[in-house]
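Structures incoming, each one as structure tokens.
Note that chain A is present in both complexes that follow, paired respectively with chain B and with chain C.
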Partner chain A sequence: MNSNFWNNAFWHFLTLQLFKERSKHLTVAIISILLLFLLSSVLFISSSIRFSLEETLEAQPDFVISRLQGGVAVPTPLSWSDELLNIYGITKVTPRVYGRYFFQPKEKSFLIVGVDFFEEQSQKNLEKLIKNIDLKSFLKDPQMLVGKGVKEYLAENFYKNEYKFLTPKGKFETIKIFKTLPKETQLIANDMIIMPIDLARNVLGYSEDEVTNISFNVPNPDEWNQINDKISALHYDLQIINKKEVKKSYQTLYNYKGGFFLILFLIVLMTFSLILYQRYNMVYSSEKRHIGLLRALGWSINDVLKLKFMETLIVIISSYIIGVFMAYVFVFILDAPLLKNIFLGGQNLQNSVEFIPVIDMATLSSIFLLYALPFITAVLIPVWRVSVSNPKEAML
Partner chain B sequence: MIKSFLLLTLLLITMIVFISLHDYTFTRKRSLQRLQALTELTHNAQLSLSVAYDEAQYNPTYPEMAHLKRMDFIYEQ
Partner chain C sequence: MIKIENLYKTFYQEKNESNILININLHIKKGELIILKGISGSGKTTLLSLIAGLDRPSQGKILIENDPISKLPDLFASQLRAKKIGMIFQHFNLFEHLSVNENVTIPLIPSTLSMKEIYKKVDKALELANITHKKSLLASRLSGGEKQRTAIARALVANPDIILCDEPTANLDKENSLLFIQTIERLHNFGKTIVIATHDPLFEDLKLKNRIIPMVNGQIVP
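Here is the complex of A and B:
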């Protein structure tokens, strides 16, 4: 654009008027900023969690089988993993031992996960997770790795270096805290305790030939249905879940929560637009006189509409950028205090997740359109009605 | 164009630049690598939801339904 465009009389008049009537625009802008801030924050949290989960799901096993009794999961026999190994096309068969441990005094719970640290792959993954970890000293005594939430919670309850777990057999198992899991893993590891698999069996009450469930991979996606049928035929009480179902369940959960806020936003936006329409419909006498004066000075209807349109557009764009900016800082720099509890809950351990910045341009553009169109319509229709009337009548 | 408007425009541009810079310089790779390493280690990627002990995070049997235990609880009520 050339310099004449920015320096012409129209722009000068427009910006001058905009700042002269700033108190009028400020109220509308503040309400808009608050609305946009809330909605963008919710959508930022939702898309960041979804992104992190989708990335972790890539590393998750393709299938998990477990034993069901009366619709409730019961310990799975370890011998099922040998049966799986005999099926062609299945790799990485891993028996999993995990479960929740109830910390009775304060009614909180932790997720205990048993890992076979004698497997080479587990050792490599542990080194990737915690740099320079000394595996020998970790396995020397009964020790555990804990999430940040667990570490803080135990420290608050005077268990700074170790914790005595009460096993289902009524015995106490003292386990030392070896290290805290990195803060980047908070989203899935805040309430997690990782310990050697035999220790986890003791704490959770599994016998040597029982596991929570068994995971495995099927590298060829074309074989998924066939393998699914083969495994389902192995036992009548077997339940098989694939990664796609888990992914779908998370998406449903967060689409529901994000969608709920979107509906609330639409309702509030409709109300806001109606208020604006009402306000401009009963255009103040000074406003009416102003439009009449412009028309009397030779401004065409188009010019008046252009002036009001640009004025509204500036208010809309400014509020939008400020609202989105505030939401960005709130979510990705301050880690969304209070609001994150809607998504992560607040009944168990406090979770201070570090959200990974994810900007979904499609959602942001939709918010802009949903917000801008009713706003512009609510302002321009009443202004047009005044502009088409006789300037003399308008100035009365 | 008046000075105040220019200042407002500058402020808005600064905000956009700040968002772009933070988004561009954020070390996503390290965070994702650690999350993936933990998932591969535990073979598990349950979201660490801060929910009550009796409330399951999702229903593994029918992922789109509430958890069976939770439903039993509702029926009991």
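Here is the complex of A and C:
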């Protein structure tokens, strides 16, 4: 009789039960969808941030040195770049000028980055960042490349196509917007303005033999530590930072925030599982009677467990699909309102970062396992206990 | 057909021993109609649940056509129950959220039959129980008598040889109780073996050839 349980009649009865008892399943499904939505949103944001970080930092130089006096950053002598060039293993030495420019009266600030576009490496880096950039027309007039946040802020408060910067010497420097930086770089470059190095010096008040810092690459990763030590010994007031440290500090920050949410989720999930467990453990008399009745009518323990397992699995899978889909729309289409501010902060510019859709199978499977296993366990253990111990319930 | 030998059932509650059935010996032949008669607590329902293989005896055995249902693993006991035993309960025990039709299909769901074959059998059982006209109605909307007839149809749908009834008329008025007795008479004429646990005096006046087995304090009174 039980040799072919997975026949039409079983599926027919299963769908019938699900439909007829939909109100019972609906409550559980709604709570599950909300939990899954929250968990998936957090994991989607984390994955997307990690991807954007890696994309952006990959294009950054390996090392950056600057001058630090009394714990405060001061202009770095341009002559230090010649000293770097004398060290074997170092390539692509690039002096950089950058600093924050404050906009009155709203106290917003943008990061101005000056780049030497006549230097070959800087050109390549820029071309990597913005595909098909026409450098000739960019350098023809005083122009800048801006992050999406800057573009929106300027359009809203000043002019759409240009801005008049007030220099420390009290003069105005009008600079046109040439292009907006691509959205893959938004996590770091959202409030960034890139302009030719001389323009940046004017705007930020640097002299000709000063820069903010000097970047360079060390192609052989095995030499990183050795070169790090050599350069640190050059000047007592030299500070050196490498790409790995920057990457780590960003990742720590976002993992901390993601982890915080994950712990919250686990607490909620545990509570939910306990409620489910309790609910099925108490197995209110009607459920107990149903199971006993099915057993009295010729269903084996396995048959009852299969029915309950499939019922639970269908609720789980449909909640999972809906919850994950809602999270996808929330994060990648609506840009995660509220949650985004928690992850990225919103102190300076309104953070107009768009999350790039990154979904890996590991994330999806983790979500499913984190949710499905406690759920199935919480339902099936009590059902199994009732099936085994109470077939007589129907008789009472 | 049903052989019960040296059957004991004891429950333990906080070190207290309570003997529900004591040394039951009973042979029920094919086609026989048995009335287990006794007051509440005399052990009738426990005996029925043991015959159905829903519980295990503390001692002794029960054979259904030589199959020791009381000793079979759950899967085989369930198969035996599904094939050979139909049950009618005191409280009808229908799935209130399902229709009459759907309730009657339940015993056949774990079988290998297709839905088409199942519905054929269901129609036949509904006809036998005289409830075809209510087949699309939800069980929760039926009267007591209609619920009982649905329960009868469900007990008959797998065409079992044995029908066990536990206080079948306890929740019925006299008119419906008499209708139930008529149905039982009809089933008996079809050659079904029927065991009824009851204390309803209406069963004492059955015209059919039957055997009344009185039970007191878990024992059969000779």
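Quick note on the criterion: the second predicted complex is superposed on the first by the 336 of 396 C-alpha atoms of A that agree within 3 Å, B and C clash if a C-alpha of one lies under 4 Å from a C-alpha of the other, contacts with A are read in each partner's own complex, and residues count from 1 in each chain.
Following the convention adopted for this analysis, a contact is a pair of C-beta atoms (placed from the backbone, for glycine too) under 8 Å apart; a residue touches a chain by one contact, two chains touch by 3 or more.
This one's a predicted model, so the numbers in the text were calculated from it and none came from an experiment.
In the superposed model, A:H290 lies in contact with chain C only, and not with chain B. Contact with neither chain B nor chain C is seen for A:N228 once the two complexes are overlaid on the shared chain.
Number of chain A residues touched is higher for B, counting chain B against chain C. In the superposition on chain A, A:I241 contacts chain B only, with no contact to chain C.
Once the two complexes are laid over each other on the shared chain, residue contacts for A:T180 go to neither chain B nor chain C.
Within the superposed three-chain model, A:I301 lies in touch with chain C and out of touch with chain B [touch as defined at top].
By the touch criterion defined above, A:L16 lies against chain B and chain C together after alignment on the C-alpha atoms of chain A.
In the superposition on chain A, A:P61 makes contact with chain B only, not with chain C.
Annotation: chain A residues 7, 12, 16 touch chain B in one complex and chain C in the other. Across the interface of their complex, chain C is touched by residues 1-5, 7-10, 12-13, 16, 20-21, 289-290, 292-303, 391-392, 394-396 of chain A.
The touching residues of chain B, counted against chain A in their complex, run 1-2, 4-5, 8, 12, 15-16, 18-19, 22-23, 26, 28, 30-53, 55, 58-61, 63-64, 68-69.
Of all the residues in chain C, the ones that touch chain A in their complex are 45, 48-49, 52, 54-55, 74-75, 78-79, 81-83, 85, 87, 89, 93, 95, 97-98, 102, 105-115, 118, 154, 158, 166. Listing the residues of chain A that touch chain B in their complex gives 6-7, 11-12, 15-16, 18-19, 49, 52-53, 55-61, 64, 66, 68, 71-73, 94, 96, 98, 100, 102, 107-109, 111, 113, 115, 121-122, 125-126, 128-129, 147, 149, 181-182, 184-192, 194, 215, 239, 241, 245-246, 248-250, 252-253, 317-318, 321-322, 324-325, 328, 332-333, 341, 344-351, 354, 356-357, 359.
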